[in-house]
Amino acid sequence: MNAILHQICRDCAPLSALGAVANYIPELAKADPEKFGICLYTGGGNANFAGDFLERFTMQSIVKPLILLQALLDSGEDAVRNLVGVEATGKPFDAFNYSDQALTGAHINPMINTGAIALCTLIHGDTYEERFCRLLELARQLSGNPELGVDEAVYHSEKATGNKNRALAYMLKAYGMIHDPVEDIVDCYFRACSIRVNCVELANIAFLFANHGRDFRSGQQLFPAKHARYVNAILATCGMYDGSGEFALRVGFPAKSGVGGGILGVVPGRMGIGVFSPALDKKGNSVAGIRALELLSQELNLSIY
Amino acid sequence: MNAILHQICRDCAPLSALGAVANYIPELAKADPEKFGICLYTGGGNANFAGDFLERFTMQSIVKPLILLQALLDSGEDAVRNLVGVEATGKPFDAFNYSDQALTGAHINPMINTGAIALCTLIHGDTYEERFCRLLELARQLSGNPELGVDEAVYHSEKATGNKNRALAYMLKAYGMIHDPVEDIVDCYFRACSIRVNCVELANIAFLFANHGRDFRSGQQLFPAKHARYVNAILATCGMYDGSGEFALRVGFPAKSGVGGGILGVVPGRMGIGVFSPALDKKGNSVAGIRALELLSQELNLSIY
Amino acid sequence: MNAILHQICRDCAPLSALGAVANYIPELAKADPEKFGICLYTGGGNANFAGDFLERFTMQSIVKPLILLQALLDSGEDAVRNLVGVEATGKPFDAFNYSDQALTGAHINPMINTGAIALCTLIHGDTYEERFCRLLELARQLSGNPELGVDEAVYHSEKATGNKNRALAYMLKAYGMIHDPVEDIVDCYFRACSIRVNCVELANIAFLFANHGRDFRSGQQLFPAKHARYVNAILATCGMYDGSGEFALRVGFPAKSGVGGGILGVVPGRMGIGVFSPALDKKGNSVAGIRALELLSQELNLSIY
Amino acid sequence: MNAILHQICRDCAPLSALGAVANYIPELAKADPEKFGICLYTGGGNANFAGDFLERFTMQSIVKPLILLQALLDSGEDAVRNLVGVEATGKPFDAFNYSDQALTGAHINPMINTGAIALCTLIHGDTYEERFCRLLELARQLSGNPELGVDEAVYHSEKATGNKNRALAYMLKAYGMIHDPVEDIVDCYFRACSIRVNCVELANIAFLFANHGRDFRSGQQLFPAKHARYVNAILATCGMYDGSGEFALRVGFPAKSGVGGGILGVVPGRMGIGVFSPALDKKGNSVAGIRALELLSQELNLSIY
């Protein structure tokens, strides 16, 4: 297995030349496009890894499945489902193109910005500071690293430039889908996106979704299996933005990418994967990361289809 | 002429039953749908009027031609034209439906909210308080009433509920079309929309556009004729929202409506008209007001087409 | 006046270098981009002209106002208005982008292809051959040239390649807006677009719209004044495709362009204009033709706004 | 297992009252909404079934995976991928809403009408009659019923009323994505949609996709495993129209519905399912059919997520 991973590492790392590091948040533009790391976790003792698997990067959209999970845990499936739909939108993650006269939950889903921002309001907490802390706590618990924290430079960079997210949030508010102060909600969202992880931690989180919420080591059910299936199903249809169909064909399991360059890969019942390479394709997915998952899927026969 | 106006008043006032007072701003919902006023001004000594022509109401979108004029005066035609397009959008005034990947001036125009908000940034002033004061000063000068002021209740109601306008403004900011703090800009816009006028004052303003900027009484050119033509041309194609084509057919001259129930009618070279009735059709135009202008156009042969 | 026209001719003809001859219909691509002609008709004895004013070209979309007029004459204003709306669509002339679930008259207008195709069904005739003949007869009568005919090469070229128009027509049929065989209807439309005119004939047609249907020489009312106003109003708001707003600003009167390079200019109550130069801008309007009308409007103060 | 199926049959059949039989093709409106049938095939000797499992109905959109498979077999993955994209469109199956200025493969996919029509041109054959015969032959082979044929009444009904599909096909032709005569292509498509099957045959077809192309009985590989995965991946993301996300959540395996009331369910590596009940929900999916698959998935733990 380690040999496979090292080979993938050698084959894929150079592909970052075909993409470009995200630059819409100034701080993200500083990422080193040469970095490439991967980690596989199949439960039990050891994980397998290669490359810069300890390199830290911000979760960005990878935090969306955690926001969804926390909203499910705190407010239940009905409330989540009533607020935010589950269909692929056929549009980019930050699309501003809704029906003219009304915005409803049916137009959005938890894996696009509008949906994730809306779901922050279903996390419990007296303040959005508290809600963010619950999210961070969840990330720490699932990743197995109680030290997980926010990259303050990225967070401030997002907060300073995140006007499109503010626009989307005011739109939600204008249509009565959210009620709290927009700045508080997007602050929670910006901080959540700025949580810093490495590939090992991603693989741990992914494994818990793959294992339907049951911690392999302790045997403890960290969250209900039905929530894991809810998240995995949405990842399969919308996790890779408007590249989700292509990803299903080429790779074939639920996954979630972030513009920080990470991808969380969930092979239900088998394996969690974390991969990282910051150069992105035009849809915002890591070029080398997708190729690595494709090779891995072929090598280990991971497609669920 | 007065006989014609009184007849129109009798015929049209009851039509308010076919529409509904605007309710998206709570304070506007308090308007009395029974009110109907009209005033014609053709230069020289007397204006003609009928009904509740002294009833005051907020300008709402009728302030958009004034924002456009002030932006033209302060920053020039090139700057205005570069920031905001001139084509009809085929969409409602507050549409949120732009191309997915980019928002440019070509997608908006000065008579929809997005365009008018953007143009506030081209009015001179160290603060948005100052910019609003320039707008108010312009409204006072053109209307001939130096006492014109803001309806504070409507202004606060708009400020409290204007989240769609905030969303549009953040969108403009996200695409680098505006740079100042969103809350300052929309505050200027909300206050401008809340300036209170009556039909006589509207007719005076309209006459100055009809007379291409020249004050009939003093003979003074209050603003360049080319700016009047710029505004009138845009009113003819986009002044009545997505009812502009229908209005051109049925009435046939440049006009601008507002959800407060007023309509500013400009008959180039001949006449300025102010009409008021707060019940609106589905496109946001005064039902009785449009019918009054249609009858007047037929009676006096006012169509420019 | 002739001196003005010759100056405009010298100034504008070279502008064709900034555009490109239409190539979506193969036969149109053969037009000579160097040609430039203009003609003004103000009623009475003489017309004024300059350049290649006798050069013949196909009407293309300029036939749309004639289709609209014939439909008004044959089926009346209510039938026309019920079938096809009057608002600017904010989209290109051949846009394929309607609401997902339904197409209604409100989404189209007589100056875009979908609307013009629909209106062919409101022209009287047992066959579409007969309906086309009525249209041709109208064009002959209004232009004053009883010899007007179809450019067979262009007609066959359009028929061979006009699949987008067939798509639009089948869409109309799918939504129950038209009922006759699609191929018959689009054949009528293709032939109408292929009627060949010169600038003098265009100016004659335009003058009849400007003079509200009354023939200056015979004093005869060729069609009702209200139909002229209907057509002129629509030309003012939608006649130059999604460049109609810009045209209103820069030129300021109703007009209709065609991808053959002609523009029909209507100055209500004053003048009819025909101009021709086959190189088009990106919106499908003649580059040199628009500029010529702009100079003429400035020189003779023709703006109606 | 049979007990489970009979229970599902009793529980789900009455749900047809919540939907409505398709009426956009007149002939389909004649279906009996009371019918409900289901069949499971897991390879080997026996299938399990309940209800009206021998009732015949037309495949409608369920033929789309067969069109895709035949195109893959005849022209290869690259040709298929170049012509037609793989992303969910976020729109209804017959949406007419593409980008204004261009239609490309990226806007469509094999499970919406536009994509399926385009793929008919990648099936081998000198005529579209021949291409249809290849499709029918494939359906016969995969279903195990060499007698499979077309419901002539439905076929003629579709041919008579299928103008939206003609519109979509002319659009494809206008953008150079297809080249053959539109009427030939849509005729092939209409006939393919009208192939009549029952639940047992659907389950057999589904099982072959689930078993990655290998016939359980003969051990023969009927088509390459990679094509099965290609089809299954697309079914998972787009097989249930704009209800695919919801289906992934509630049921959790690849499936394809048709407006005839059938659903083909593919549980990779395990099982093929055919279910039938003609009353549809608003998205065009069988109401009782979806609920039956949901219960079955819960009972047998079939979700792949």
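First chain written, first letter: the chains are A, B, C and D, and each begins at residue 1.
Everything below uses one rule, namely that a contact is a pair of C-beta atoms (placed from the backbone, for glycine too) under 8 Å apart; a residue touches a chain by one contact, two chains touch by 3 or more.
This structure is a prediction, so every number in the text was calculated from the model and none was measured.
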Practice task
Taking CA centroids for every chain, report which one is farthest away from subunit B.
Solution key: D
Practice task
State the pair with the higher C-beta contact count; candidates are A-B and A-D.
Solution key: A-D
Handout entry: Centre-of-Cα separation between subunit D and subunit B, whole angstrom
Key = 54
Exercise for the section: Determine the centre-to-centre distance between subunit A and subunit D, using the mean Cα coordinates as centres, and give it in whole Å. Expected result: 32
Completion exercise
Rounded to the nearest Å, the gap separating the Cα centres of subunit A and subunit B is 46
Completion exercise
Touching two or more other chains in subunit D are residues 91
Exercise for the section: Name, in rising order, each residue of subunit C that touches subunit D in their complex. Expected result: 91-92, 95-101, 103, 163-164, 166-171, 173-174, 182
Handout entry: Interfacial residue positions of subunit B with respect to subunit C in the complex
Key = 85-91, 109, 229-230, 232-234, 236-238, 242-246, 248-249, 252, 254, 268, 303-305
